[in-house]
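Dropping the structures in below, format is structure tokens.
Okay, so chain A shows up in both of these, paired with chain B first and chain C after.
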Partner chain A sequence: MMLRLAVASLMARALTVGMAVLAIALSVALFLGVEKVRTGAKASFADTISGTDLIVGARSGSVQLLLYSVFRIGNATNNVTWESYLDIAARPEVEWIVPVSLGDSHRQFRVMGTNSAFFEHYKYRQGRSLELAQGAQLGDLFDAVIGADVAATLNYGIGDPIIVSHGIASFVEHEDQPFRVSGILAKTGTPVDRTVIVSLEAIEAIHVDWQGGAQVPGQTTPAETLRQMDLTPTAVTAALVGVQSPLQTFALQRAINSYPKEPLLAILPGLALQELWGIVGIAETALLAVSCMVVVTALIGMMAIIFSSLNERRREMAIFRAMGARPRTIVGMLVLEAMLMAAVGALLGLALLYAALFVAQPVVDSAFGLWLPIEAPTLRDVYVVLAVVGAGAIVSLVPATRAYRMSLADGMMVRT
Partner chain B sequence: MKKMFFCAAVVAATPLASETERQLGAHQHGIGALNIAIEETAVLMELRAPGADIVGFEHPAKSEEHRAAIDAAVATLAQPLSLFVVPDAAGCSVTRASAMLETEEGDLDHDGHDHEDHADHDGHAHDDHAHEDHAHEDHAGHEAHDGKQGHTEFHAEYMLSCADPQALTEVAFAYFDSFANARMLEVQIVSASGAQAFEVSKEAPLLDLRSLY
Partner chain C sequence: MLSLKDVRFSWPGPARFSLRVPDFSMAAGESVLLLGESGSGKSTLLSLVCGTMLPDQGQVIVAGNDLSSQSGGARDQWRAEKIGIIFQQFNLLPFGTVADNILLPLRFAPKRRQQVGDPLAEVKTLCATLGLPKGVEHAKAGMLSVGQQQRVAVARALIGRPPLIIADEPTSALDADSQAAFLDLLFEQARVDDTSLLMVSHDARLATRFDRVVAMTDIAHIERAVA
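Our next item is the complex of A and B:
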């Protein structure tokens, strides 16, 4: 009975009620959206590297080394000499080690020099290995394996030539030594999708005729000669390391960190990520607080609408009273109306969020490399909806109390 | 040495014998580091704590009192299960424990305070000399460094064997009761499920490990 009355009353004021509901819906969508992006970003980062016990690079900060070597974000770290790399590789604790050499680019994509062990040991999303969608792994010196996004964006197929640019601003190109696409990796949702992978030796080879960051004019070593040359690298950017046993992780880390010949840094990727979340945590909290305030604002807007409706509903209230409704019933009806508005708003917000995710997912993925999963609402989302309904009820108590008092007086005094 | 907690990082170990390079590590009073690695039933723990946290001073022991304090601290540090209390259900026992004081002061202090393999007194198994070798390597570096006033650190390494590592759901840090100057331990844990970091403080001396499983 009361529910029918409340619904009918809301329907009668569809426009103003609709505005309040829309405000609540948008605010709830924003609040839940912030949380989705936050958890999506975390999961995306956490899924990028798995199974690697240590990352070794030049001494910098653990977050910087992680971001640069794995995510290709932020400032470049110094290089590590090949001698140090071999020293670490020779340590008994090391089960496997994969070199990573960054610095060159192809169009907007990074070129990474490594060896075939990368395909074997690089793991993402709880231990998944890289898979080739087409073609073969690195065979020839000038073979390149490209990530799924590289292939899709530049429309490359197997056998297409690739010219690597020196540095990341494409002013100078290694035009003399074109690569050939030998394989295309399946989509992983990690930065590997946006990477051109070549062999470490190839990185050396394309720099053979270069001195001081520019090509020596007129000097081009033919590819055949390069294939015969000793292309042992002089430096790498970082190395991914797997240890024999977790018990040796810390000992190896300490040994690398106090390696006397070169200032090196070994980090545990999981801990570096945790450190990163610690840093961005403040911004996250601020963002959540702001979106929370938006929800509060929307609810206060709803309160204002109920308040202003009280005046125009004086006669209605008086009739209810005359027909025997107790003041408590009036309060109950107002609270029920508010809860209905909040509930519809919150559910609409949830629907808006999913619609937005559906539209934004591919865009965000290609622009930021961030995969936002579309999943069923979590328990937390349900709590948020319930909290908004509850908060709506509490907020409506303020106008309801006023109506409670007024309906007493209005019921007894006859006014025109 | 002033009892200044959380004072900015200054000097610590790793002076070098071979090269002309100079490197220093971080050193924060009040904050120690505990690394825990778990592989099946084996649990390795490494504790590094500034001298200021453990005995309240970092200068070389000059008086009998200081020596006694260091000896007592090293003896306490060699009892891991009374410093880091794990649930009985895990069935952990100590297979190796060692604690020592490391200083930049050259070899002055080492002989007196290096209580290597202290746990042997408790009759625990002692089948691994690898750690001993490692410790001496460390010392070789320090001895080459000529003495300036430096910071000292207590290092302890424990090897535990736990019958049921899944039952290691929490660790109670009685450590903070034993060493009144210690304020915080930065705990890093490596296990089959990956690496995780925690901060355990004097105010909240309980580490919940359920997220590891």
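Our next item is the complex of A and C:
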């Protein structure tokens, strides 16, 4: 009966109560949303590379190597010579190796030179392989396979020409050697979606007429001649390596890190990601703290609304007192009301979050390459809802204590 | 039924006014009208009788209980068990149904609750007895007419047959015809249940209906404490 009366009392003040509930709902949606984005981003990063045991590049920082080789963020400070690459590939521990050559771009998208091993061994999201949505893999020297976002953004189809720019954000283009879209990859939710993939030899081919970062004036080697040339690369940016046995991973890593002919760095992708999370951890904590403060602010708003309603509810409390309710029953009722408001607010917030996820998931995916999974509420979400209800009860003790004092002072003879 | 001896109650605040009641009593089954102007201490006296306020000195004994000797919780429980209260303007919970309002005292009074048997059936019986329309128990109290609210307030005070009914100026907001109808109803039910009735009012025209009329000025004095 008291619960029903508490609900009825809240319904009678639907406007003010509704605003407090909405504030709590929005704050909880924000708090849980930040967490979803945070975990989604982590999962998305972690899902980007799967099944690769080591990433090899020129000696720099492990996070830097991970970012430029896998996420196409930043640039390499140096390359790995082709001889070193072949040395590593020839080691008995190596099951497979994929060369990665970066440096050029097409519009805002990175161009990556590699070979057919990339399509065979690159795995994402717990071992999924790349699939072609249309067309075929690299056949001709000037074939390009493009990611799903490249195709969607630039509205490219099979057979469309692609002019590669020299370097990143450069106005100088390799316009004398245009590529042709031979295949479009299915969506992966990884940086591959925003990559133009060409062969290693093609990267060499478009730079045949270039010296010192600029095209040699008047020199243009015909495509047919290029197709006949030995286009073995002199260097690659990085290499993705799979080992025969996981037990050999660390031995191979040590061997590469102490490679005598040039300074190389081999990193474990998982450990490098952990290092990356360690770096961004402070920002994450700050973001969580801010969203937590938003929840606290909403709860304080609820407290203010309960406070401001106390005076107009003195008669209601006096009725309860006259009927035999103890002051602590009045306190209990106010706490119960606050818990109901907080619970409805928190659950509404959860519902808002899922509604927002349904709407925002494709937008965020296409804009940021960030796949936010829509899954059933986690145990953590349940704890957050319970914590908000508990915090609602705690903050309501302030107005409830005032109501307790008022009900003791007023007795049952309030005239309002 | 009710006895106040050498009672003194001081209101909080710098003015240090106090209400003194040397001696006031009423017998079981008696109906008493307490007449007094605004500010004469009527409401404070009722709060002392109901045990929501305690005197600084003296004894308040109601239905054999010395209220000062009881703990706060026991006093609240005792009030729920023994006293039916009718407020000025009836003070129903507007968001609750008629049944919620009538049954509210039973929520805090298990013994009074036991006397009732089937609570909803008792609500229906009371509503029918008091001339309320069938099915009204499910209506929101705030949607009722003033006349219907009067009847619900009476039903709330009478349910479980408490030995004492206290009414705080219940007719002040009513016209003459409504006053008469309300008092007819109240006295009839009090007679049937053999309930004592203490009503405070500033309206001397009600005096003829009561066994005894007492002026506040005859039993109580408001004094200013000497520093």
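As a convention for this text, the second predicted complex is superposed on the first by the 408 of 416 C-alpha atoms of A that agree within 3 Å, B and C clash if a C-alpha of one lies under 4 Å from a C-alpha of the other, contacts with A are read in each partner's own complex, and residues count from 1 in each chain.
Definition applied: a residue touches a chain if its C-beta (ideal position, glycine included) is under 8 Å from a C-beta of that chain, and two chains touch if they have at least 3 such contacts.
Everything numeric here is computed off the predicted structure, so don't read it as measured data.
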| item | value |
| --- | --- |
| Chain A as common anchor, with chain B and chain C clashing or fitting | fit |
| Partner chain(s) touched by A:323 [first = chain B, second = chain C, both, neither] | second |
| Partner chain(s) touched by A:261 [first = chain B, second = chain C, both, neither] | first |
| First (chain B), second (chain C), both or neither touched by A:398 | neither |
| Touching partner for A:5 - first (chain B), second (chain C), both, neither | second |
| First, second, both or neither for A:315, with chain B first and chain C second | second |
| Chain B versus chain C, judged by how many residues of chain A each one touches | C |
| Which of chain B and chain C A:208 touches, first, second, both or neither | neither |
| Chain B versus chain C as contact partner of A:347, first or second or both or neither | neither |
| Superposed arrangement, angle subtended at the Cα centre of chain A by chain B and chain C, nearest 10 degrees | 110 |
| Distance of closest approach, chain C and chain B, by C-alpha atoms in Å | 52 |
| Contacts on chain A seen with chain B and repeated with chain C across the two complexes | none |
| Chain B residues within the chain A interface of the complex | 13-14, 16-19, 21, 23, 25, 35, 37-39, 42, 44, 46, 134, 188, 190-192, 194-197 |
| Chain C to chain A touching residues, read off their complex | 12, 43-44, 46-47, 50, 52-53, 72-73, 76-77, 79-81, 85, 87-88, 91-96, 100, 103-105, 107-109, 142, 156, 168 |
| Chain B partner contacts - residues on chain A that touch it in the complex | 50, 53, 245-251, 258, 260-261, 263, 268-271, 274-275 |
| Of all residues in chain A, those that touch chain C in their complex | 1-2, 4-5, 8-9, 11-12, 315-316, 318-327, 329, 409, 411-413, 415 |
